[in-house]
Amino acid sequence: MQFSTAEVDEPIAVRRRWPDQGVSRVPYWVYTDPDLFAREQRVIFRGPSWNYVALSAEIPEPGDFVRTSVGDVPVIVTRDRHGVVHVVVNRCAHRGVVLCQAPSGNATTFTCPYHQWQYASGGRLLGLPFKKGVGGHGGMPDDFDNADHGLQRLAVTERHGVLFASFDDEMPALPDYLGPTNLGWFDRVFDGRELSVLGYQRQTVPANWKLMFENIKDPYHASLLHVFLVTFGLFRADNPSKTQMDSSGRHSVLVSQRSTQREVVGTDDIKRVQHDLELHDPRLLDPVREFPGAATVVMQTIWPNLIVQQQSNTLAMRQLVTRSVGEFELHWTFFGYADDDEEMTLRRLRQANLMGPSGLVSIDDSEVMRLAQRGAMIADDGIALLEMGGHDLEDTEHMVTEVAIRAFYDHYRSVMGL
Amino acid sequence: MQFSTAEVDEPIAVRRRWPDQGVSRVPYWVYTDPDLFAREQRVIFRGPSWNYVALSAEIPEPGDFVRTSVGDVPVIVTRDRHGVVHVVVNRCAHRGVVLCQAPSGNATTFTCPYHQWQYASGGRLLGLPFKKGVGGHGGMPDDFDNADHGLQRLAVTERHGVLFASFDDEMPALPDYLGPTNLGWFDRVFDGRELSVLGYQRQTVPANWKLMFENIKDPYHASLLHVFLVTFGLFRADNPSKTQMDSSGRHSVLVSQRSTQREVVGTDDIKRVQHDLELHDPRLLDPVREFPGAATVVMQTIWPNLIVQQQSNTLAMRQLVTRSVGEFELHWTFFGYADDDEEMTLRRLRQANLMGPSGLVSIDDSEVMRLAQRGAMIADDGIALLEMGGHDLEDTEHMVTEVAIRAFYDHYRSVMGL
Amino acid sequence: MQFSTAEVDEPIAVRRRWPDQGVSRVPYWVYTDPDLFAREQRVIFRGPSWNYVALSAEIPEPGDFVRTSVGDVPVIVTRDRHGVVHVVVNRCAHRGVVLCQAPSGNATTFTCPYHQWQYASGGRLLGLPFKKGVGGHGGMPDDFDNADHGLQRLAVTERHGVLFASFDDEMPALPDYLGPTNLGWFDRVFDGRELSVLGYQRQTVPANWKLMFENIKDPYHASLLHVFLVTFGLFRADNPSKTQMDSSGRHSVLVSQRSTQREVVGTDDIKRVQHDLELHDPRLLDPVREFPGAATVVMQTIWPNLIVQQQSNTLAMRQLVTRSVGEFELHWTFFGYADDDEEMTLRRLRQANLMGPSGLVSIDDSEVMRLAQRGAMIADDGIALLEMGGHDLEDTEHMVTEVAIRAFYDHYRSVMGL
Amino acid sequence: MTAVVPVAAAGFRPRVGWGQFEAAAVAALYDDYAALLDAGEYREWLELFVAEATYMVVSRENVERGLPLATIRCDSRAMLTDRVDAIIGTQFFDRRITRHMITAVRPVSLDAVTLGTTANFVCVETLVDEHSMIHSAGSYDDCIVAVEGILRFSSKIAIYDAPLVPTSLIVPL
Amino acid sequence: MTAVVPVAAAGFRPRVGWGQFEAAAVAALYDDYAALLDAGEYREWLELFVAEATYMVVSRENVERGLPLATIRCDSRAMLTDRVDAIIGTQFFDRRITRHMITAVRPVSLDAVTLGTTANFVCVETLVDEHSMIHSAGSYDDCIVAVEGILRFSSKIAIYDAPLVPTSLIVPL
Amino acid sequence: MTAVVPVAAAGFRPRVGWGQFEAAAVAALYDDYAALLDAGEYREWLELFVAEATYMVVSRENVERGLPLATIRCDSRAMLTDRVDAIIGTQFFDRRITRHMITAVRPVSLDAVTLGTTANFVCVETLVDEHSMIHSAGSYDDCIVAVEGILRFSSKIAIYDAPLVPTSLIVPL
C-alpha cells in the first residue's frame, strides 16, 4: 500500500474558521481537534515536507539501522550493504504487522514475524515462504510480483550527516527547502565534520506538537521563564540577538549571545532571578567558544519535526513524534564531533544537564506546554494572542517578539487550508 | 477570549429523540453521548445557572483564594485587598496557560509562569514584561490595551457565606433562582452564622454527573440500598418525610426524620438489615438535634452542581465537577459553625465517617452509580424507568417516589432542547 | 428495553469503500473505525448470529449461573429451578444497573442492589419494593405490569453441552447454522459425552477482534510463526491437512495431522527451528490419540465469537469478547470429559502450557495481533493482502492458503453492507 | 479526650534507634498488616491494634492545610470494629482485591513505651473484570507498643498523596 | 504422582516461626529471585529451584473456584527448563522488562525439612516504546528447603489477582 | 578524571557477602533515601552522599547501547547540590509527590572500603489534580562506603527501564 498524500475530503475550513485578526491570533481548537490532527498527518507529515529521521553517524556501517517515526508513521532508517541509506515504513506489505521492534541494530534483511516475508534494506520484497506452494498445493497467484509488494519507501536526502525523509517524491533539494539564511545556520553546526552520537533522551509531553514549536520560536519567554538561564547569565532579554525566518515562514532560527556579566540591568526579566545563587561545581557550566561568531545560543526549527539545538556546548537534535492531538514525543539525540577530545565530550555530557526530561532549562518548557494544553482543552472557543513585536512577519534583531510563531502559523494556515 | 453561551449549531434534538413517554423515561444516551456532554457544558454550566464555587469561610482574609471548577472550566475564587470576592477563569489571556496550580493560598496578584503576565484578584491585567519592548525594540502594539486582556470574569453572588458564580451576567438573584421553598431549606443550614471549614474529601466517580443528582433526588433507594442507615435507624421508608421542588423542577430537597425506635415494621425495606448489629463505639453515631424542626436528614440539590448535605450532624457541600461524559469528580467540603464547641466538632468529624469516598452511606451510592454507568454504556438504545410515585411532577409527603428525578429531567430537557 | 437489531442510519458503505479487488484485500479501517465497530455490535453480535456463551457443564445444577458477554453486552447464563437454561442481559430494567457481579454462583433469583428489584432466572420481574407504596403513599402506577419490565432475554440453544444465545428470535437451528461439514467437526469433540471444566484463562489483546479470527483461519502462519510447534513436530506445512468452510464462509475448520518424525524436509518453514532442542521433561508434550481419524489439530471458528480448539489433548473454548475497536478479551475455558482418568486430566493440564496468555503457541499469536493492530493504526488508507492460495473461496486440502480468511470477509461484507 | 486534629507530621521525621523494639518484629507487624488486609481478613487485622488505638486515613491535603477532617476516623479499636462490621455486613460494593506494598519502615520516635514509625505505601487494587491498578500511594505515621511482648499499633495514620480517591476507599490503607 | 489441583491456600495463612531457617537468607532468596528475573537471567533463575520443584502461575479465580487449571504449570524443574528454553529460543514476542516488587515475605508453615512462605508481589512491566505499567499483582504460596545450606524453592505458586492478563504473561511471576 | 561512560553493569550481578557492612544499616540507608526524597527534603537527602560521590540517572537504552549520555549527570555532590538548588530555587514545575519503592537490595561487590549494591525501584508519582501513577521503574547500581561508621553513597546510578519519560523527571530517582 501507499499513503495517499492527496487532500482529504472533510471541509475543515468550513467547520473551523480562523479568527479574523489572522496570525496574531491562534484559536485553541488547533491544539484539540482530532480531525485536524488526522489532517495534519496527511498534508504535513505525509505531505511535501522533509522530515528529520536520523543522523548518519547513528548508522555508520553497512546494515546499520535505527527505528524512528515520521509524524505517527513508524519507519526504519537503514544503510544497505552498499552504504546507501533508505527510509521505509515499518509495516509489512502482507498484512500490516509492524515488523521491526529493535530500536537499532545491524541487518541487511528484515523478516516479518508473522509469515516470514523478507525485505531488503530498501524495502524490496526478497521472498516469502511457500510462494510456489508446498507439494504443488497453494502458493501465490501467478501474477503475484514481489516488486509490487515491498515496504513503502520514502524519499531520502542527506546533508553533512543529517538525514531527512519525505513521503513526497517531488521535494525540492534540502538547501532550497531551507532557504539561504537557515541553510547557513544549519551548516554552522553541520559543517561537514564527522559527528559522534553521545546518546538519547526521550520523553512524552501531554501537549499538542505545535506548542513545542511555539515554545522554541518564542524568544519572549526565555528570559522570563528560565530563571536558571538568567541567573547564570546564559540568556538575557537585552543580549544581542535576532530572529530569522525563511521566505515561507516555516523554518526559523533564534540566535543569542551570552552576556559577559551578571549585573542587574533595569529589565523586567529578572524578578525571579536568584542573585545570590552560585554554582557549587562550576564544571556544570563551563562553556567554551567553539563556533565562529559571537552567538552562544542558536535554536533552529526546521519544519515539520526538527529542532537543532546549540546551547553553549550542548548540541542536540530534538525530533518531534506526534502521538495524538494532545500528546507528542520528544526524542533528543545529543551529539558532538568525532574529533572532540575527552574533555570536550565531558563538557557536552555535563551541559546536557540543561536539556531533556530533566533539563534545568527544558523542565520549565515541558511544564508550560502541559499547562497550555490544559488551558486549550478547557473549551474550544478560546483564542491565543500573538502580538508581541507587532503583527508583521519580518526578521528581527531582538528577542522581544512572537514573530516567528506568527510566521509559523502563516505557513500552517496555507498548508492546512485554514 | 470569552466563552460564548450561545446555542450551539449541531441539532442534537434531531439526532437524539426523547422517548414519547416523556420524563418517566430516560434514554441511556444522556449518560454516554460526548456531543451531548459538550453541549451541557455550554448551555448548562457555562449558561444561565448559579454554580456553587466555594464557602466564604475558605477565603476569609483579603488575598485568600481557592482553585475550583465550574463544569470543566477551572476557575480561581479570590478575595481582593478590599475583601471583594471574584471568580475568574484560570487561563492566561496571553496564550492560555493554566496559571494557578496551588489548591489555595493568599495572593493579591496572579502571575503566569510562561511570560509573567500579571493579573489582579479580579482578573484585570496589571502588566506584562517588555510591553514597551527592550531598548526600543519590540513590545506590544500601541493599540494594545490591558483592559482587553484580563482573565475572564464570572458573575458572583453570595448568600450567608456560600459563593456562587455564573458565566451569564443576566442571572436572577439567588433567592429568585432558588425559589421560596428551597431558599427556606437553604437558610435553615446557612442561617447567617459564621461557618468553619473542617476539611475536604474528593473522589472521582466513573459515571455521568446526572447519575449523582438522580441518586440524591431518589428517596426510593435510601432505605433499600443503605443497610447501614436502616440498621441503625437513621432512615426508614416509613419515616415522616417529603420531597419539594422549585417551580422549574431543577432544585429539590428531600427531608426525612429519624425514627425513634428500631423495631421491624412490615415494610419491604429491611431484607438486608442486620438486626443483631450494635455499635461497639456509639460515638460513631451520637446525633444531637441542632436545627429547628423534626427533620434529621435534609438533602438539597441545587442546579447544576451542588448538593447541600445535612445528615444528623454531618454537614457538607458536595460539589460536582464534570470531567467527561463518563466521569465526574465529587468534592466534599465538610463544615460546622464557628461557635461549635470541641465536642460538637468531634461529633461532626466522627459522623463524617458516613460520607465521602469511605462513607458508610456514600460507598453504596458511588458503587451503584458506577454500575449504572456501565449499564448505560452497554448500548445506546436502552431506556430507564422513572414511574415510582406516578408520572407527575408534584411535591410529595413521602419517600416512595422518583418525582424529583422526573422534575430534574423536565427542566433538563427544556434547557437542552431535547 | 430491547436492543433494536435494525439497520443503523449512518451510511457506512458510502463513507467507506471496500477495495475493488474484493476479499483478497482488507482495508485497515476495518480494524480502526469506531463507527464500524458500533455497527458490528448491532448487526453482528446483536444480530442474527448464535453467540457462544458457556458450557452446560459450568452450570450443572439448578440455580447455577455464570456471567459472560455477547459482543460487549454483559449477560448472565442461568439454569432455573427446573433445569432450563436462560440467557438474560445483565442490566436492571429499572434504571440500568449491572446487577450481577459474581463471576459465577448459584441463585434462583437476582436482586438489583439499587432498589432491590428481584428477577427470576429467566429474567422475569418477580417483584419490587414499595410497588404498592408505603402507608398508602407512592408506589408504581396501576398500569405497571411486571411482565413488561423483566431483564431482556436472549434466544438459547444447546448442542451436546455447548450453549449459544442470540438477540434474534428467528434464528435457524444450530445444525443448519453450522452446516453439515462444520457440524461434523463440532460433533467430533462434542460427541455427547459429559464435559468437565478444568478452568479458565483470560486475557486482553490490544487488537481488533477480527484479527483473532484471521489468525485462527490462517494455516499459512502456523509453521512459520510457531517455532515451538515445528521444533517438536506438532505442526508442519507439509503435514496432511485441510481447510473447510460452511456455505456462507462464516464458519471454518482447519484440520492437520502431526508428523511422525522430525527430520528436516526441504520446506521453507524451518528457518527458525531449533533442531537441537529436546524436552527436559517429555510430560510437557505426550499426546495420545483420543479421537477417531488421523487429525491431531482441529481449530474450528464459529461465527461470530467462538474458536473450538483441539491441539493434541488440550481442548478449549476460546470466546471472543469485544471491548473496543482496538481491543478484545479472549476467554479460554479448558475442558476434558467427565470420564477422563487422572492421568488424562494431568495430560490436558500440562498441554495447557501451549495455550492461553502464557501459551507456548499462543504467545506468538497475541504478539502478532498486537503488532498488526499497531500497523493498522498507522494510517487508515492501508490495505492488507489475502492472496495466498489464490483468490477463490473453495475448501482446500492443504495449509498454504488464506482462503478461510477470504471467506470470512466475504460473509462479513454482506452482513455489514460493505 | 481525643485530639481533634490528626497528629500527623506532614514532613520528614529523622531516624532514631529501635531502642527496646526489635526491627524484625516491627517488620513482621507491617508484613502481617499487609497480608491480613490483602487476604480480606479484616477481623484478624483488628487484632493488630490495641483497644485504645486510633486509626485514621487522611488526605495529605488536609494534613498540610491543618484541617482536622479525616476520610476514615476511628477514635478507638471499637470504632474500627464498627467499620469492619460495616464492610463485611452492611456496605454494598464490588469486591476489591488489594496489595499493600509497604516499604521504608523507619523508627522516628522512641520512649519507654512507644515506638513511632513512618513508612511508605502503595496500594494496588484489582476490581472485577479489570486489570490491577494503583489505588493510592502515601505514607504511614504510626505508634507501636508491646503487649505481653507482642507488637501492636497504638495509633495509625495513613496519609494518601492524591486528593482525588478513585471511586471509593473501602479496604483500609 | 503430582497433585492435579494446585495446593494453593486461597486465604490467609497465619505466621509461624522461622525455625531452622534464617529470615535474612529467605529474604535473600526472594531478592535474588526478583533480580534474576528482572535482569532476564532465566537460566540462572532456574538454579533457585530444586530438581523436583513444581512451579505454577495460577489465576486467583481458578484457585478460589477449586479448578485445577494453571496458566503456567511445571511439574518439575526440567519442565520449567523447557519453558525457559522456549522463552529464550522459540517464542516470538517483543522484549518485556520487568520489576518484581516482592514484599511481606512471611513464614506460614514449618517442618524438619520445609519452610512454607507467603508473600505479595506487584510486577511492573515495560514494553518497547511504552511507559512502565503494572502487569500483575498477587501473592506467592511457596515452599523452601535447604540444599547443602543453600535455600531453594521446592514449590512455588504465583497467584495473580486479576483474571484478565494484559496481552500475555511471558516473564515468569 | 571522571569516567565518561557510566560504569553501570547493564546485566545481572551475582550476590557477594556483606563483609564489614551490616545488612540492616544498608537497608536503613535506602529507607532514609526514599523517605527523604518522598518528603521533599532534598537538602538533607544530599547528606546521604560523600563529597566525591557521583550521581547519575540514565536510561537503560543508553547503558545497553554503550552510550555515555546520562539524563542527570552529577560528577560530584557539589554538582548534585547545584541541581537541588535549581529544583528548589529556579525551576518552574507543578509539585510532584513521589513514592520510591525500593526492593531487592543486594550486595554485589565488596572490598576493604566499598560495598557495591544493586536494587530495584518503582517510583510512583502524584501530580496536582491527578491520581497516583507509575512514573518510572528500574534498577540501582550503587557504591556505599562508611564515613565514621555511617554509611553513605560514594556512587549511585539509577537506570530507568522505559526510554520514554512521562513529561519530566524532576525529583531524583
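Chains: A, B, C, D, E and F, in written order; residue numbering restarts at 1 for each.
Convention: contacts are C-beta pairs under 8 Å (C-beta built on N, C-alpha and C of every residue); 3 or more make two chains touch, one makes a residue touch a chain.
Everything numeric in this text was worked out from a predicted model, so none of it was measured.
Shared contact partners of subunit C and subunit D, listed by label: B, E. A comparison of the D-E and B-D interfaces places the larger number of contacting C-beta pairs at B-D.
At the interface between subunit D and subunit F, under half of the residue numbers appear on both sides, which makes the contact a different-residue one.
Taking the mean of C-alpha positions as each chain's centre, the chain lying farthest from the centre of subunit C is F. With centres computed as the average of Cα coordinates, no chain lies farther from subunit B than E. With each centre defined as the average position of its C-alpha atoms, the distance from subunit C to subunit E rounds to 31 Å. Chain geometry summary: the mean Cα position of subunit E and that of subunit F are 28 Å apart. We define each chain's centre as the mean of its Cα atoms; on that basis subunit B and subunit C are separated by 45 Å. Multi-chain contact residues, meaning those touching two or more other chains, occur in subunit A at positions 101, 103, 113, 204, 225, 364, 367-368, 371. Multi-chain contact residues of subunit E (touching two or more other chains): 92, 94, 101, 103, 122, 131, 134, 163-164, 166. Per the contact rule defined earlier, chains pair up in contact as A-B, A-C, A-E, A-F, B-C, B-D, B-F, C-D, C-E, D-E, D-F, E-F.
On the side of subunit D, the complex with subunit F involves touching residues 11-12, 15, 23, 60, 101, 103-106, 118, 120-122, 134, 136-139, 161-164, 166. The part of subunit A that touches subunit F in the complex is made up of residues 103-104, 197-206, 225, 227-228, 231, 272, 274, 277, 279-281, 283-284, 329, 334, 342, 345-346, 349-350, 352-353, 356-358, 360, 363-364, 366-368, 370-371.
Listing the residues of subunit C that touch subunit B in their complex gives 1, 3-4, 41-42, 46, 72-74, 89, 91-99, 101, 113-116, 129-130, 133-135, 137-141, 144, 149. Listed in rising order, the residues of subunit E touching subunit A in the complex are 92, 94-95, 128, 131. Every residue of subunit B that touches subunit C in the complex is listed here, in rising order: 26, 28, 214, 220-221, 224-225, 237-238, 267-269, 271, 364, 367-368, 371-372, 374-376, 378-379, 381-391, 396-401.
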